[in-house]
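Listed next: structures, encoded as structure tokens.
Below are two complexes that have chain A in common, paired first with chain B and then with chain C.
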Partner chain A sequence: MTTELLQQAAASNQWIAIAPELLVGCLALLLLIFEIVLPKARHDVIPTLAILGLLGIIGGFIVNYDTPFLDQETFNGLLKHTGTGQFMRLFFLFAATGVCVLGTVALKRQAMSKVEFFSITLVVTGAMMLLAQVNHFVMLFVALETVTVGFYILVSYTRTNPLSLEAGLKYLIMGALSSGLLLFGIVLLYGVAGNAAFAMHTANSMHFGELRAFLYENPDNLLASIGIVLVISGVAFKIGAVPFQIWISDVYQGAPTPVTAFLAIGSKAAGFALLLILVSVFDGYQSLVIKVLSVMAMATIIFGNVAALTQHNVKRLIGLSGVSHAGYLMIGVIAAISVPYAVGAICFYLLAYMLASSVVFGVMTHVSGDDDADQDLDHYTDLAKTHPFLGAVLGVGLGSLAGIPPLAGFMGKLLVFMAAFEAGLYPLLGVAILGVVLSIYYYFGWIKAAFFPQWRPPVFEGDDPIPEPARQAVGTSARVLLATAALATVLLGFYQGPLGQWLGLS
Partner chain B sequence: MQSFDILLFAIVSPLALALAMALGLPQALAKKLAYVAFAIPALAGLCVWYRFGEAPTEGTYAFLNTYDTGLDGLGIKLTLGLNGISLPLFVMAGIVGLAAGLYALQSVAERLNTYLMLLLIMQGGLMGVFASVDIFYFYFFHELALIPTFIMVGIWGGRDRNYAAMKMTIYLTVGAMLSLIGLIAIYYKSGAQTFDMIALREAGLAQGLSTVAQNNIFGLLMFGFGILVSLWPLHTWAPLGYGAAPSSVAMLHAGVLKKFGLYGLIQIALPLLPQGAAHWATILATLAVIGNVLIVGIVTIAQRDLKQLVGYSSVMHMGYAFLGVACISVVGAGGVVFMMVAHGLSVALLFLLSTSIYHRTQTFDLDEMGGLVKHAPVLSAFFVAGTLASIGLPGFANFWGELTIFVAAWKAFPILTVISILGVVISAIYGLRAAARVFFGPQTEAFDKVLAEKPAGDLTWAEKIPALLLLAGLLLLGVWPKAMSPAINASISEIYPAAAQVVPVDVAHN
Partner chain C sequence: MTIGLNDYLMVAGLAFAIGFAGVLVRKNILVIYMCLELMLVASTIALVAFSRFNGTMDGNVFVFFILTVAAAEVAVGLAIIVALFRRRQTVQVEELNALKN
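Moving on to the complex of A and B:
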């Protein structure tokens, strides 16, 4: 891109199109400035500022939701603003707000700097929002790397905890590998599409529109096929789909709980936003994409659920159950190729998943002790009795994740399954049903630990039982977050109302 | 359309109170309001029953009302209404719910407020199941009622509650998921792209589903609903679960919620998938009679635990219901509807009385009981009446249900019908033996010990009223079956395919 093009872009008012991202970035910088300016004792104000700033941006975004740039390309085709993109931007803003609230709860107990966490979270959020609107491989790679590099830091944030460092290293190595695969795929596609020997070849072959037209014209190219599979693999790392899920359990366990939540909600959703865009770009290679995604979806659902069955550490459990959710969502992506409303179904599913996950992670931050990586199912004993509020919202969150009516998670699953049925994906549906039944076992096991009276070994004299970590008192902002998310989960299960219309479901 | 929707009112009142309790309504006030919230569905049931005859109908449904919940474009909207099949069950759900609620209110459960809250959610869901014309909401309300069951078994359950709760959850989830896929399949394969029963039926009449689709979908529904209704050999969750469940939950689940599957088969599967039903009829009838009636019947005789015995007997009686479904005829289906109502009342009565017996003997073990009649004559009278009703003696509602089913089944499955009539003898053996052991046998040493600590009194009024309510329903329908049967007959005759009207379908040639 030459200087003139940039000047052109600056002269037009296209910057308005990414105003929310710019504001999020500015907020991140502002927080850093405050860290320098304010005395250390006043640093408490910074998380509050981050949350309020995000809420302000969300408010502004909702007011200006009907952007004039809808279905237009900006920045010379680097970005394309779509309805789904708008939804995902709002989604990431909400997810970031939730993560910041969890951050205030969880970081309190760590002897760690408490400010950078919020700045990095905001930067990653901005990058995710851009990612939902990419229309060019350069933009895709830059945004994706910004997300990934941010997560390298976040995952190993509690650097006094060896498990957090281990998680950071694992995430670094795996992330580098996935970036490498993605880049190699991009290069192959770029090379093939720019080759003058083919029809419709193009100099601007990283642009999705041009690439799509080229792929449509040359449906059986081996190099392009390899490129496509590699690009999908790179994205599959973010989603946590088999066989690229290997990092999930260790990284989820080691990372601080708010970061785990951000990985589970934000990173996964970003991957799906990307996958939806890419699937339409690779339209000419539909049969290949469907084959690859179907195999992945089946393996992902089976692996996620079977591996989660035996987990006792709730962070690993939720990570592996997240893998299975990725599988259900992939079914939705495959259905979206032929059934238009499947995109709305995926959005609804992601929304329900976000609400339920924020609730569950919120409860986890309150139940966990000082060692963030050690969160066992046994720590939940009698939670419903001693902390009725935490118990109740945990029940709602887990129920929604398990897909139990009348909660939002059930509606999400139902809509995805209906779309899959319409698309004729019967074998995938069969596997998904099996997965849902398996998942009942571990979600229910968790509920059992928190709600049902449990037998406990008697303590004899001279025994030295391992003490359970003390549970945190629920603060105001956390209470608001948990109550809102839980109520929204229940409400969306009963009444989809305008949301259904908005997502194109009716 | 009418301005006041009594069906919605019956569904929402228990749910609204449950919500208020969750948000922290004071316990004393909540307990008082609970009487009202349990009474409303029952009164609403009686009211619609009274007015059903003259109410205007549309596609066999009266009291129709529709509410848009935002998924209208996908053909999902909350439509409430009652036809001759759902009306008796709606009324029965109200009565059993009131009885279970009253019984729970007099109990001394720990954390009674939470217990009542979950029970109210269950009651709201149950009313919704039978009032839904939209099959999505039919499923939705079923799950709404089912989830509290698991939690209540897990928290307030008796022996083996953790295992029982987990087993119930997994079995019933499998059943629910299978039937959900079956329902989605009907949605697409009928070409109607709607969950509305009336529209689906019109689409079914217009083009019908292909035979292959019918066979597959009916198979899914048969096993999906079958698990939920405890079809042999997928029944093992039921006796275990009922054995562990607290009494009100067992009453509501065995009495009402379990009928969801049979109701689905009769209301949805048989009218829309007649060929599929014919394809599976022999298998269904065989499983029902050999499995549920004969095998489970014999297993029931061997039970030593009173509550498990009642649980097994309820599984066994489901065999008759499945046999009636397999007839694919108006008579058979009508018999099943009647039997569902009768069984709901009688099994709820037996669960209620078993718990009352437990409170006096401190055990469910039949070997440790005996001679209770001296201490609790009214209780024994009720129990004997409940047992006789459950066996199917004339004078009780169960008799008419079973008789109609046998008449319908005779033509299609003569041998199986003979075996299932033998089942009546089996249920007489275990029922009367249990009654004799508990009340009339010699007083055991174990019981002497219990009596020394806490003398056993007769039924209190708080226990008597719910029991009377159930027994009155059984007797009323027993001596005056016409109170229900014309409505049932009219609706089924209208929605069933012509072949089922005259004689049962000859399944051997399909």
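Moving on to the complex of A and C:
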């Protein structure tokens, strides 16, 4: 190893390119230091600090959005900065801010340490942001595992509650299983692409660019096909696609509500950012990838919608409906292989999904009681009367998730379906539209529970009424979050303007 | 008789399959956890074998990352299992089914 080689290697370490991730990581450490330094009574400033820090990083990121590193590789090809990557980084920062606000509301009721939640959330956010711009399998594995291990802790965060622990355990076993599949897939691809017996074999076979070139030259290698299917399976677990969705309903129910929101928004978006990158890497195996993803997408949409129909627990309901959303997004990913603007459509869909989900999860945090796992549709009775604000934003959020025009969720679905139509995916489109029709039933069941009076069994003297959790008063930061997200949902439905142009939609 | 790449891959594939089957079949969480580790180790064997065969060091370096990640996973996983055992006094999967509709 000569000094020149070392100098070259050091020159590509552009730390400034990942400054947002570094800042997020430093903020996470800073919060832990504050926990040690500050007296116990002053610990309530720490969540505020986390939210303000995130807002500061978002501000700095928006100002420096046009990075000079666009379409360049840094860190010796570990990372590649793309336009989609930039969008997803901003997306994760916003998602983390929302989750931190919900966390302050939900953690108030728990006799738990309130600081680690924010630290771990920030670390996971940083890892997700790196995940959106990976260009090398080692980077992919380490970033993905940082996200997953962070989520193990977050899901079982209320460790006095056996339900939360059980959810954490189920997530742990399924998560480790999927990491195992992903890792074996990576190993097979690495081994095949480095084998000197094949044309275009490469010494740097975990690098996405070189792997892509290799796969293009060797279009029907059995080991490489198995590797590709295994890697896609590992990512499919993250987005909750059938047949890797079995953890979704239990984990969503048991996890604390802000963590459920983070799983639904952040983890899923990270999976799709990764899937978009991987699909372009596996370009040479298009027909195989399309086949696998089409079968998964179809099964995912049908399963998610049918299973959600009978749910009474709202957390399970939103989890299973999230499965069907993953199915629609997978159609977008398949379309993105041949229609370039499908990538923008997916970004817009994710944005609309994030806004609507933060609203719905925000309302759930305020309606739920001490036991986070027990959130029934019946608890929403007369919500619109007792809490008109919560009722109104819930209506907007659920309407957007259901895809009612003119809300943002409708535009997201429309754009993804248009891209799919252009790509000629007619059978998938048929299934998707059927799924959307089915989904209206359960979303409106929820809206009905909140807005319309319901028959309740009479309470006789001497009987105790069925206990219902007390609803929380809405604090300022939560009110700002809910109002902004609901307003943005309505506005984005009418007017995409510069955002649409920037995503390449119009 | 020389031991070549295929033999190592056979061992790795077999260990991976045993681990995968164990996760699906076994009822004790600790055993399931051992099977999960077996899957990771199987990948590691294949990785080192490929690395040696292809003559690139990437695979050997990746092994260190895998070991580190696996250690972090075990630390968190065992903590969750212990905390759950304290609450429920069981590590059998069929008794851990409190989450339902």
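Miscellaneous remarks
Note that the second predicted complex is superposed on the first by the 493 of 506 C-alpha atoms of A that agree within 3 Å, B and C clash if a C-alpha of one lies under 4 Å from a C-alpha of the other, contacts with A are read in each partner's own complex, and residues count from 1 in each chain.
In the analysis below, a residue touches a chain if its C-beta (ideal position, glycine included) is under 8 Å from a C-beta of that chain, and two chains touch if they have at least 3 such contacts.
What you see is a predicted model; the values in this text were computed from it and never measured.
Following the overlay on chain A, a side-by-side fit with no clash is recorded for the pair chain B and chain C. When the two structures are aligned on the shared chain, A:Phe389 is found in touch with neither chain B nor chain C. Using C-alpha centres, the superposed arrangement gives chain A a vertex angle toward chain B and chain C of 140 degrees, stated as a multiple of 10.
Looking at the shared chain after the overlay, A:Leu429 reaches chain B, while chain C stays out of its contact range. Counting the residues of chain A that each partner touches, chain B and chain C differ, and the larger count belongs to C. By the touch criterion defined above, A:Asp250 lies against chain C but remains apart from chain B after alignment on the C-alpha atoms of chain A. In the superposition on chain A, no contact is made by A:Phe198 with either chain B or chain C. Contacts of A:Phe34 after superposition: neither chain B nor chain C is touched. After overlaying the two complexes on the shared chain, residue contacts for A:Arg159 are found with chain C alone; chain B is out of touch.
Of all Cα pairs linking chain B with chain C in the superposition, the shortest spans 23 Å. Those residues of chain A that touch chain C in the shared complex are 137-138, 141-142, 145, 148-149, 152-153, 156, 159, 162-163, 165-170, 172-173, 176-177, 179-180, 183-184, 186-188, 190-191, 194-196, 201, 203-206, 249-250, 253-254, 310-313, 316, 373.
Across the complex, chain A meets chain B through its residues 341, 392, 395, 399, 404-406, 410, 414-415, 417-418, 421-422, 429, 433, 436-437, 440-441, 444-445, 447-448, 451-453, 494-501, 505-506. Those residues of chain B lying in contact with chain A across their complex are 22, 69-74, 139-140, 143-144, 147, 150-151, 154-155, 161-162, 165-166, 169-170, 173-174, 177-178, 180-181, 184-185, 187-188. Per the touch definition, chain C reaches chain A in the complex via residues 9, 16, 19-20, 23, 29, 32-33, 36, 39-40, 42-43, 46-47, 49-50, 53-56, 58-59, 61-62, 65-66, 69, 72-73, 76-77, 80-81, 83-84, 87-88, 96, 98-99, 101.
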